[in-house]
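The following blocks contain the structures, represented as structure tokens.
The following pair of complexes shares a single chain, chain A, combined with chain B in the former and chain C in the latter.
Coming up: the complex of A and B.
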């Protein structure tokens, strides 16, 4: 630990932008609007802004924690060991690994569910899920640089579809739906903020990929830019969905972004949403691979487990879990459990580590 | 190194998956029946469903097949119709749904709900109401050799006629949205021919009132740019016994709404700017000077204002809100309450101001 990672595996600072963006934006982008509008209605944009700002603060804390480590190039595995001792540190590391794998599984399962419902309601999902698992294995075993490459492509593929969206549906937008402003109580906005925070989970992989970034001081701005673009993407899709659907309609729509796309018609392609869902595979692949790679890497650092072995075990676990978490209701329950744990992780664990780092610095400088 | 092995292994895993997944769920277009238009009627408290299936047996020639079934509910339409067809019926390309008058009066909510949950139903689906039986109107389209005859009729009338724009998405928008009601195109048959004869206004999901195709222009003008809409306006002739008529064709228009008061007697003002051309004018009207034109403009404005007022009071008396007044008040008032507004709706005051501009009157003098 603490050793310099060879240039063969590192990426330049700008790539951190794609990593952070991709780790935040996942399948939830298809459905988050309904969840936050349910509580805060016309004011739900406020909750995105609040969560966005809080994540900027957390990213700032993460950089503070990581750059303060004495042997440079530390990651959360070594930090946990040195801050909490062998026993607690190792259990924390195991918890983080489980958390990362669970996050990857939730993305994997939710994507398959969307595909099943929208495109192939009758199809047996096993061939598709095995195909996806094969792709994941291939990407993760390719190492960090491969994953960053996939992140880059997934960023552009999504941008390509979602940025022209507002222009194409202009006729159907009702700006009146955004008003009145500030019509909801602080409690309602807090509920919606809580729901929105789920959709930002993932950026904490920063704690693990940090040593793989060259010139870390320069990478800060890219990480923040990644968070900012994710926030802008969420805001844009929220505003479009709110103006496109009436509120009652939005609350009955499980995947507002996909419904929106289904209005568009281009020559030869009557159902554009099928195509976008297929391209979405790249996005999901990047997402899952990033989490699994982080999990394998943490295992390697804490127990010297070979990544290939742990990866196969994890993928086998995916197959096994797919038996147990089969329907929409179970997926929702699994997602909720995962998300709530994630919230504790980012809003409690990271600040605690930050405070310890800060105290340590004080003690040393005294 | 190991990477070659990884790639080989990945290919070994991926290839069979591709083969397996490409073979399941295959639907080839000339081996299925595409249900493109559908109709629902009430028949002795049972639902009669009708579909039109288009078959492209020869190039550029479509034969339309009609299938009917009667059932306890609208939900088992497809399985029941399948027992009458030799190919699998697919409804992913359904573009038109017509409701019979009894069905529309009883409420089309169940259909709207079930369609909105179905990912196969496109947002661009068109819907309509028939004066009597939907199946009768659908049957009348068979000789046109176009299984989407009604949909095309609706879309062309939205582009170049009086019909305001709508589709399945906007219908759901108004149906589920607070403070709005939707409307559907209304069809009648006239000596075996189908005619678009206005719009049917709905309260919640029930058909309660009808507006003729002439007055539909007012609705178009109030909801969107009324480009291409036309409106016949009676003028008091010189001998004042007989009316002369002017045909006004809208070039562009814009309606803006303002809330004046939102307490127990709500009030709004609507101001409409419209540019129109008047091509055919009777001999009694002379348009020689600017003054003549503005006299005509005033007369047209007055008629439009009167008709708009009539339309709004019709909406109030029938308790329908196709223009979304409730939504307007919702966007301007905090803690808006739908029930309160519904109660006050009939007393709502609307002030209408119309600013009409005649821009061209044909190429001859």
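Coming up: the complex of A and C.
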């Protein structure tokens, strides 16, 4: 299965930056502050740093795993098969596909929920969500290159809004809110680290995307840069939120980033959060398309299912799931389940595969 | 297919003589008498007199011709061809050549070029792509003149002209131009293949070829740049693109093109780079404004009143309070009115067109506001965005931009700002998926090539843009060696 992917479908290394960044930063960026401040308070930035470093290590492992494969250009589907045998390997692959689709659905559903709460509280969301699904179909059917393109556009469109943010809010910040430093127990920080790790889920698509990157050796630094800039983005938003809100306020604010943005006024516009939430659509589109593409591609590799067919089935599944997971509570529950599984995936599964790779290498060299 | 297979010269004459402008004469000035046949509507009578008759009559005695080849030594024209291949004879006959035979039954003819250039406009000033600075040389409807214009500025044997014949009825010559050693051979081969695969009856204009050979006909975006300017064609040739023109068309198409090529104006390169970049950015902002302005108005007035600051909102409410329509109808009406004006202006003779513009633009707009059928803020937005759409240097792209407004307005009326963003989503995915001759349409932004950004949003100085854009995969990357002029400053005078 390690066949070389034709040049027509691959992208150059620099694009891995956008892929990794987009796959990490999700709609959670609007709300993560409250979750981590709850436990670690003023020290919650430590948890971002810890998770960030651990993800760097995981990315390093992923590259080690993938570059050690012979024949080259393997992805997780073929690795699972060769490491765990046909039965276990295939069931792992199925699990990964389900996990990816679930991730895409959770993003989709929570974005729609934020839109419903902030922009259209009274609106029937069905026509909009169907149109969105159409847009997702159009994107994913364009293939990997199109999705990477959308990742790139979304990165820039978001950058456009978040970079001026610190400048616009400087007047309202209270740096004293950041203190005292280091007065929380390791347990508290660990709790908030656990919460923060949810917001890094997604970079594991690297395991499937890898063969589609040209000159993979060069691409490492871009993947790490992607992780680093996501960490910086989280840190920036955390610090701004912590300086803007008092601890008490922050704990009662569901979407601190959005509340913060909504206070800003620029000459021609108020209620900037409408704008940012709308632009966020492109970001979510990239995120969902990437996961769905990875799912379709894995299905194609393991069962030779036509991607077009599996994509339609997945989107139909989205429509069905939208019936069942309707309100905020159910979405939160689904997100929590998904995130916990995701944590097992990245912090247990990937190291296991890494160790196996390492052992194999040892055995061969002996 | 109307074309019948013509087997021999007698059949050709039989078919041709059914029409009254086909002439066959016998020239008794030579020995033996020559038989000359031509379409008198295709040849130039003066040329017939000057070239042929006077040359053959130069001696008082009768010319003795033993063989057709002897004609060549008397006629001062090197384009004479002697052949017995019927398909060439037929082709040349329709291109304005006269056939000369020694005997009526003789299958061998001498073909003498006498084509007439009647009906071709003499002025070749650019009409649709105007520029204030720089040359205003444009193309005309004559292929040879156009090729002359190109070749006279590109004095290099590397400029290759490839001729193909397309069109079962028009037998038009289609010419592919490229710089050997610059343009990627693969691109040339691709264009050549696509063009020679065409089966079509009459090729009126290169823009028809554009549509037939384009990668994706389900797109409102033009995939090849079209121009009537000489400098533009030469510029894209030296950048490594391939240019195509068909006989009888004043327009070249060039490919592979990127979306960005449509927003470049030759003037960017004639102005100092700071100004050139500034105007380029203005142009792109104009395009963005033109696509989204009316849609934003609809989104804001339908859903998001609270986005507008209070003072501005007062004005907006004041201007809209007596308008009886929902914003989307108001906007669509006005946009369609502007399209009527544009379409009428393009069809009418230029003098009437101007008057109509004044009547339509000023009087109609004023009356619509006074009758409170429309808010005057919207009139400002719509007319500004119509104006802005014409800032694109290539007309085809400005059509696309005006077209894109309508889906945006409708999406905005359904879901406000989010609807516009869904529209943008579709637009972004669409342009990311598009390819021109198999090359990504959004280069150099995606796939991102940092090196090629120096001549994209901004036009950097000539010292920096000395290399060709890598996304065209040109055979040689360097255009020229930048040599910094030695800086001399009287401040450090020795």
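Worth pointing out:
Here is the rule we use: the second predicted complex is superposed on the first by the 365 of 366 C-alpha atoms of A that agree within 3 Å, B and C clash if a C-alpha of one lies under 4 Å from a C-alpha of the other, contacts with A are read in each partner's own complex, and residues count from 1 in each chain.
Please note the rule applied: contacts are C-beta pairs under 8 Å (C-beta built on N, C-alpha and C of every residue); 3 or more make two chains touch, one makes a residue touch a chain.
Since the model is a prediction, treat every value here as computed from it, not as a measurement.
Residue contacts after overlaying the shared chain place A:252 against chain B, while chain C stays out of touching range. In the superposition on chain A, A:271 contacts both chain B and chain C. By the touch criterion defined above, A:153 reaches chain C but does not reach chain B.
Of the two partner chains, chain C is the only one touched by A:281; chain B is not. Shared-chain residue A:122: touches chain B; no touch with chain C.
With both structures placed on the common chain, the touch criterion links A:198 to neither chain B nor chain C. In the superposition on chain A, contact is made by A:14 with chain C only, not with chain B.
Applying the stated contact rule after C-alpha superposition, one finds that A:131 touches each of chain B and chain C.
Shared interface residues of chain A, touching chain B in one complex and chain C in the other, are 120, 127-128, 131, 135, 138, 142, 265, 270-271.
If you check the complex, the residues on chain C that touch chain A are 303-304, 306-309, 312, 414-418, 420-422, 424-426, 428-430, 432-433, 440, 442, 445-448, 450. Residues of chain A that touch chain C in their complex: 11-12, 14-15, 115, 119-120, 127-128, 131-132, 135, 138-139, 142, 145-146, 148-150, 152-153, 265, 267-271, 274-275, 277-279, 281-282, 285.
Of all residues in chain B, only 3, 6-7, 10, 13-14, 16-18, 20-21, 24-25, 92-93, 116, 119, 122-124, 165, 169-170, 172-178, 180, 327-328, 330-336 touch chain A in the complex they form. Only residues 117-118, 120-124, 127-128, 130-131, 133-135, 137-138, 141-142, 171-172, 176-177, 179-180, 182-183, 245-249, 251-253, 259, 262-263, 265, 270-271 of chain A touch chain B when the two sit together in their complex.
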